[in-house]
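Lettered A, B, C, D and E in written order, each chain numbered from 1.
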Amino acid sequence: MIGLNHYLILSGILFSIGLVGVLRRKNLLMLFFSTEIMLNAANVAFAAISNFYNDLSGQMFAFFIIAIAASEVAIGLGLLILVYKKENTLDLDDLASMKG
Amino acid sequence: MSNILTILVFFPALAGLLGFVIDKNSARVYGVAIATVEFILSLFLWMTFDASNPTFQFIEHFPIVKDFGISYYLGVDGISLFLVVMTTFMTLIGMISMSVKDEIKNMVITLLFLEMTMVGVFLALDAIMFYVFWELSLVPMLYIIGAWGGPLRVYASIKFFLYTFTGSLVMLVGMLIVAYSFSQATGGVWSFAITDWYALGFDMKYQIGLFLAFFIGFAIKVPMFPFHTWLPYAHGQAPTIGSVILAAVLLKMGTYGFVRFSLPMFPDASVLMILPIAIISIIMIIYTAMVAYAQEDMKQVIAYSSVSHMGIVMLGIFAMNSEGISGSVFQMLSHGIVSGALFMLVGVIYDRTHTKYMKDFGGLASIMPRYALVFGIMLMASVGLPLTIGFVGEFLVLIGFYKVSPILTILAGTSIILGAVYMLTLFKRSFFGPVTNEANKKLKDLNANELVSFIPLVAVVVWLGIYPKPVLSIIDNSVNYTLSIMEKKAMTPEAKNIIIVKNSKEAK
Amino acid sequence: MFEQIAFYLFSVLTIGLFLITVFSKNVLYAMTSLASGMVLIAGFFFLVGADFLGVVQLIVYVGAVMALYAFGMMFFNVTKDLKEKTTSNIWVMIIGVTVALLMTLMFGGAINPDAIYASLPINSSMTNPQAVGMALFTKYLVPFEVAAIMLLIAMIGGIVLAGKKMDKSLTDAEDEKIQPKDVK
Amino acid sequence: MVMPINVNLSDLNLPLLTPMLIAISGGLGILVIDLIKSNLHKSLYVMLALMIFGADLVTVLGTAQGRGFFDLMLFDGLSIVSQILILVASMLFIPLALTSKRFHEFSYPEFFALFVFMVAGLQFMVTTDNLILIFIGIETSSLALYVLIAMHNRFYSFEAAIKYFTMGAVAAGFYAMGSAVIYASTGSVELWQISEALKLGSENSNIILITGGAVLILIAFAFKLSLFPFHTWAPDVYEGSSAPLAGYMSIVPKVAAFTVALRIFSIYIDLGLQSVQSIILILSVVTMTLANIMALVQQDVKRMLAYSSISHAGFVMAAIAIGTTKASTAIFVYYALFMFTNLGAFTMLWISRHKVKAFSDRFDHPYEKFAGMIKIVPMGAVVMALFMLSLAGVPPFSVFWGKLYIISAAVDADYIALAFIMALNSAIAAYYYLKLIVYMFLKDPIKSVDTVYYNISKPLMVVVGIAVFVTVGSVFFFDKLHTYIYTMMLAAGF
Amino acid sequence: MESLVYIALFAPLVSSLFAGLFAMTPKKQFVGVISSLLLFASFVASAILAYHISSTNEIIHVKLMDWIAAGNLNIPFGFLVDYVSVTMMVVVTLVSTVVHIYSNGYMDHDKSFNRFFSYLSAFVFSMLVLVMSDNFAGLFIGWEGVGVCSWLLIGFWYHKADVTRDVNPSISPSWAANEAFIMNRIADLGMLVGLFIIYWNVGSLQYDVVFKAIPNLTPIILTTAAIALFIGAMGKSAQFPLHTWLTDAMEGPTPVSALIHAATMVTAGVFLVIRANPIFSVTPEVSYFIAALGTFVAFFAASMALVNRDLKRIIAFSTLSQLGYMFAAAGLGAYWIALFHLAAHAFFKALLFLGAGNVMHGMHNELDIFKMGGLKKVMRGTYLYMGLASLALAGIFPLAGFYSKDAIIETAFNEGNLILFIILIVTAGMTAFYSFRQVFLTFHGDERYKELGIHPHEMYKYVLIAMSPLAILAVIAGWFKGWFNSFIIHLLPNYEMSEHTHHLALYITLIVSAFAFGGIILAYIKYNKGLVRSEKTENSLIYKLLINQYYIPILYEAVISKPYAELSKLAWKADTKIIDTFVDGIAKVLYVSGDKTRGMQSGNLSNYLNWMAAGAIVLLVVAILSLVAV
């Protein structure tokens, strides 16, 4: 029998992977991929908890997270296009003009 | 004129606001006129003051922030009365003698605002109001030092501001703790009124902590050793008028704070702290007198001498008897007038020669006899010659503190020797001997304008030296009242024993 | 049994795919594995009975989002291998492993579903999409509508940001030099 | 089989939604107007937005407290106070579009629509205790905000938007994960239920899970509130965005975030969860201190103000850890007062904004720009100095009363050491505010008059005037303000 | 009578203020005249008061107004004219009047003529306050007042530059003035402490209250009070080790030396001891110390006078020596004798100084007696006066000094203190020797001044006439010893010689006289013919020691002044380098750490995200650890 803990731990691991990606990637597009992973990790947890607690709130949460993720992609890509048009790069190291 | 205190506090500021529309060339006259009116108002306050009443008078009290206990609370007693009069007097004199040329309008407006804050500090009976004026006074001073000062003016002004600001924030926390304790004691009624706080007792641990919190705020302002290093810079860089006000009034805020807050609110802690504070004061007296002796710059000598004299004031406050405290309050006045005058005098020569170094002078007495005369009188007042204003306070302080500790008094008494050493050396180096600097031979003696500002100072120095009674008796009355509060409040018998109230005990 | 097998299989695959997404130098691989991972996550949803969520996951993520990313990728011309100076792997691994451990520590503890009172109990008489629909249009109507606004914002934002009008900045141009035609 | 559900409309308490509905329909209205006739002048939209916010504010004030819509909406005192602050700040912000010079974002009607939507999102965020709606509210407002920043249309603003967006996305991940953990530990996503569940099950529940959830959520809010070390976006984003927007960001999203943070963390603090409380305290102290010392070394006024905003947020964060009603009141009292001053200061920067960086290659508002301002534009210098003094906490200007109140709250709750740390931090902070005053008053000017007043216009002057009025006159309404907020907090149970 | 008190007291003040009005204008003769007249008025008033008191035995006590009142302390401006103060008043006003008149002549070429009179009169006023006050605080006013006037007057020629000690042992007038003031201040501190002790144990500073309370006070309090007061007296009266200022004070104009540093101010210390005799008489140890110190100083100063070449300094040393005598008397309890010697000394010493002033005036400010000689031809009157005064000083019968000094020596004998007795006798011989060494070197022998091209001239006639009262008193003052005794013992304890002493009085007198004559004869033998300098003597250790004042000024310089200056510089350094650096250091640390911390704000989003993750981990770890810890 798969317990809730399994799902949660899986979710935690996926979250960590997402975080690793966020930390590791310097290409913005790739970085955005990682943030999707993090959100998905949470979704897994919500869905699982929802199931085990027999409560719908978790699914609702996951549903809205998906919506949020979708919106974020739209805005994020818009921003990327702006930057790309201006600088012709998506590398974070080239995006450090403000500091100090 | 039941709201005379409000008028006293806010009249200069209002006039300052209106000053923005005054033409540049008339700004100074405007300033003098306002300062004169303010001075007359303060004299009027003195005249109508009931000398037999030791408590607060002309009280104006209504809440501003009701639930939080902050109120608009003004009142004057014998201790603050003369500090107010001195403030208005020195502002007036400073305004008359002012030699600033550029941006004079800004200077006049700034001075008027400064006057409001200074008068406000002395008249506020609500701790928050006190704090408001206390902090606000830093701003005009910052501007005065920073805008009209010497080459290091920015450094000096920032140092002055930040140092005092830091200290007073610590004090603010102390105030909030007191207010909270008050609300605890009264079951939720908040009050920042000092008179309410007087009735509040604290246990020993709290008292010491709170005493220290207030101490840091006040000590930096006084300035007490080792928090004094902002002062030489501030004085050294400030324009004459800045030094005058700084020395005459701003430093007194600190010592006034001790008398107004620390002593009556924390009598036991104050008694406990007598020794440490006395030792610090004596270090102040001796050490800064020595530093003053080593100075090359006339203004720095006087700046350090200020610290030394404030040591005397501190010592008197912690004598815990009416001789000492009255003496201290009187010494505040005397130091205000004398050091203010001395700074003005240095300003006079600085305006003429653009140097303050003693080595550039010598033999000034031959060239500028009137100047030398005024300087000499102020010098004698500074070293505490009897029949000048300087003696009364110093004498009372020392006699008061002798009761606490003879040995420490003797150490503190060295101030009359060391003070003479650096002041006379200064006088000798700049005024005596042959005229070494050819350029100095063409110097003009005091002009009419300067005389007009110095003659009242000399008059006060002599008058209060010969007949301090009208001032001293009023001060003494209120000091005794404060002491009786302290004695009533003191919890430990040792503290009760040490606090000496006139009439309640035989002087023995 | 099926559930167990499915769970472990899916878990291993998801983790593996996402690791590829995170570590691959090839953008195409990364994206493909991400999309596959998303599909597998939809699988998890089905596993835990969140059918509607699984479908939404497939449609929105695998369909819309990944398509957007694909377009983006083409626009940005990053189809080739990436030349990125990634952050030091050791540091990243330390952080990743630590977080994973912390998460495990957190989630590893006993959780007793019986002690939990469900605030929005799943009505067993309804299919999952029905239940979700019911919840969405009653209790979660407001978030639903707000989410609509959010999507509207995303749309407007996307249009504005990617629009032609952003090409010529009024902010950088001196006012005197702005031609009437520059302003719409 | 789908059962029909009967919902009693009056139970839904729909009036609770009117304020947000006004905002949303207003935003849609702006879009529609643009569709009907394009090329309308920005002043029309400014006025429309003002009217929308005005109507919104009136309805907020007129709406009775209570729950509504399946208990999803929570229109309590906290929500009202926070909405008032949000709306007032927005009304102050929006006229700043009417500068004498053209800037890119204001040529879009969409800018105003997005702005109004953002406010609506924030309103939703503070008017609920459901984690889902909170999340959607956060994201709605944040997404709009990212776009608004980028619409300034220069490279710095893109960079700012990207940085903000990326970190925001990660923070959203933390929020989602945190919510999941909380959900796992309590089985609910509604705060009141969470609170009850925690209270009931605090004996045998998994304490690590509970704390972990709180910490994960805290991380998300630490990002939103720019607490150390999650603050790193703030200086860059502030610098990259236009001055008014930076000022706005330093207040409104933070007020909303504080509202939510108060809702969430007061549960844990009331529960007596020491670890969460001490973590918040540590974060608060570290934030105010480090932000202060970093602000000391800034060369640009806007960046300095950014760090100062971080420091102020850290200052206020301590109030959450204190957890008394007075402390909760202090948060909003502080922001209510800080709002005017800080917006005023940013407006002054906006007034002096140039299109070309005339004084430095890197910065828009280097200190040198303001050198000798007292000699060129005395009134402007005095006003700016007022704002700086107020921010430094010099009495009797507005922020002083906020500081006083917070420190007092700390003292009352026996956090004496915290009170002293706060006091000393204020002293450190004074230095960098003073630095600007020093430049304005004590140094000689570098360039001539029009450079400092480049971007001025009447509406901007009005906003500055209001800010000055509140900053200086705060002493007169501080009583009313704090009593009002206190009653509201008490009613809301915080 | 009260008005007379005020006339006596305030006439000098009026004179001072009047002269002060013209202080910055060129010489105006009428200033000098009016000042002198006012002083004379003061003298007349004092004299009438003296007569009044002696005839009616009515003590006049007036209270002008309150001065300081705080706490229990209440100090009035009260003035007491009793036997002691009236004696002092008469002496002071008399000598002052003479000196004022004298100054009209002496200062006639000085451009600060008016200022001089202003200072001089101010001094007299202060001195009168000192002697007339009815309380210790009032006495202290005068005490400090005379100090300041002395400072002003010593430094009267302030425009002179500092020179090295070889050229002028006093360096410069302004230096000497400062030295005098500061040294006096050291003693004043002691005096103040005395006042404090009295105040806190008695509750008042009024003489009558204090003296009445003495029986209630413990010996230890009385002793400390007496010590403290005597320290004050030591400073004013230039007792060892605070004596160096007095000789340096000779930098002032000679009338000043005559008035202040011989006749009046320096005797204030003796006056204090006499005034406070109820205290000193019950503290025998202190009194004995006073006597011993006085005797020591008498000898010590006389020894330095033996070799000195400076006309005024010799007289200054002799003043010092005579002050020692007075203290010896006072310490031995013979207060009235001390007072008597004080008065007598005032007369002849002032005369001596004024004579020296004449010489100086005539010699164009030359003071080196080695460069004089044979002046009696040109300066007859002066020669007469100085001779007379020297005789009086030497204690030759029947001049004033004989009576007073003899009485002191008798007292020492009477007390059975042979050591003091012998020293005092020897000193008497030395006194005679150096006095006449000076007279002979100045007025007799070869006219060495001619080598310097100086043409000496006699002083104005009216000046010489003005000096005559002093000369007369120097002669006859001693004759009133008996009368004075009966006058003063109304207030001061009488001092009766024992039977034994009475018997031996004649022998003692003879011994003293013998020593005195011996000294004169020795001086005559050595110096009458002219100056004979011997290299050997001048190189001897003792001569060197004496001419350098036992190296005490140099020692002070090296041990006190220099280290103090160095220490001050050090303190200044400490102030800026340690304390201030520390304060700035705090600011700097904050600033630098800000600079360091801003490194985290690298601008690179990747770093920011790393910070975020690291922060997250730290928070989680801290949270979990704190749970574990609990």
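Keep this in mind: contacts are C-beta pairs under 8 Å (C-beta built on N, C-alpha and C of every residue); 3 or more make two chains touch, one makes a residue touch a chain.
Since the structure is predicted, the reported quantities are computational estimates derived from the model, not experimental observations.
Contact with chain A and chain E alike is made by C, D.
For the pair chain B and chain D, chains touching both partners: E. The innermost chain, defined by the distance from its C-alpha mean to the mean of all protein C-alpha atoms, is B.
Highest C-beta contact pair count among chain pairs: A-C. Ranking every chain by how far its Cα centroid lies from the centroid of chain B, the top place goes to C. In this assembly, the chain whose C-alpha centre lies farthest from chain E is C.
With centres taken as mean Cα positions, chain C sits 69 Å from chain B. Separation between the centroids of chain D and chain E, computed from CA atoms only, is 78 Å.
Distance between chain C and chain D, defined via averaged C-alpha coordinates, is recorded as 28 Å. Chain centres here are Cα means. That of chain A falls 65 Å from that of chain B. Touching of two or more other chains is recorded for residues 4, 8, 11, 15, 18-19, 22-23, 26, 32, 43, 53, 55, 57, 60, 64, 67-68, 71-72, 75, 78-80, 82, 93, 95-100 of chain A.
Chain contacts: chain D has residues 132, 136, 139, 143, 146-147, 150, 162-163, 166, 170, 174, 181, 184, 187-190, 208, 212, 235-236, 297-298, 431 touching two or more partner chains. Chain E has residues 587, 598, 601, 603, 605-606, 609-610, 613-614, 616, 620, 624 in contact with two or more other chains. Contact between chains, per the stated criterion, is found for A-C, A-D, A-E, B-D, B-E, C-D, C-E, D-E. Those residues of chain E that touch chain D in the shared complex are 587, 590-591, 593-595, 597-598, 600-601, 603, 605, 607-609, 611-612, 614-616, 619-620, 622-624, 626-627, 630. Residues 606, 610, 613-614, 616-617, 620-621, 624 of chain E are the ones touching chain C in the complex.
Contact residues on chain B toward chain E in their complex (touch as defined above): 159, 162-163, 226, 228-230, 232, 287, 290-291, 293-295, 321-323, 326-327, 330, 363, 365-366, 369-370, 373, 380, 383, 385-387, 391-392, 395-396, 398-400, 402-403, 406, 409-410, 413-414, 416-417, 420-421, 424-425, 428, 431-435, 466-469, 472-473, 475-476, 479-480, 500, 502, 506-508. The part of chain A that touches chain D in the complex is made up of residues 4, 8, 11, 15, 18-19, 22, 28, 31-32, 35, 38-39, 41-43, 45-46, 49, 53, 55, 57-58, 60-61, 64-65, 67-68, 71-72, 75-76, 78-80, 82-83, 86-87, 95-100.
The touching residues of chain A, counted against chain C in their complex, run 1-2, 4-21, 23-27, 29-30, 32-34, 36-37, 40, 43-44, 47-48, 50-57, 59-60, 62-64, 66-75, 77-82, 84-85, 90-91, 93.
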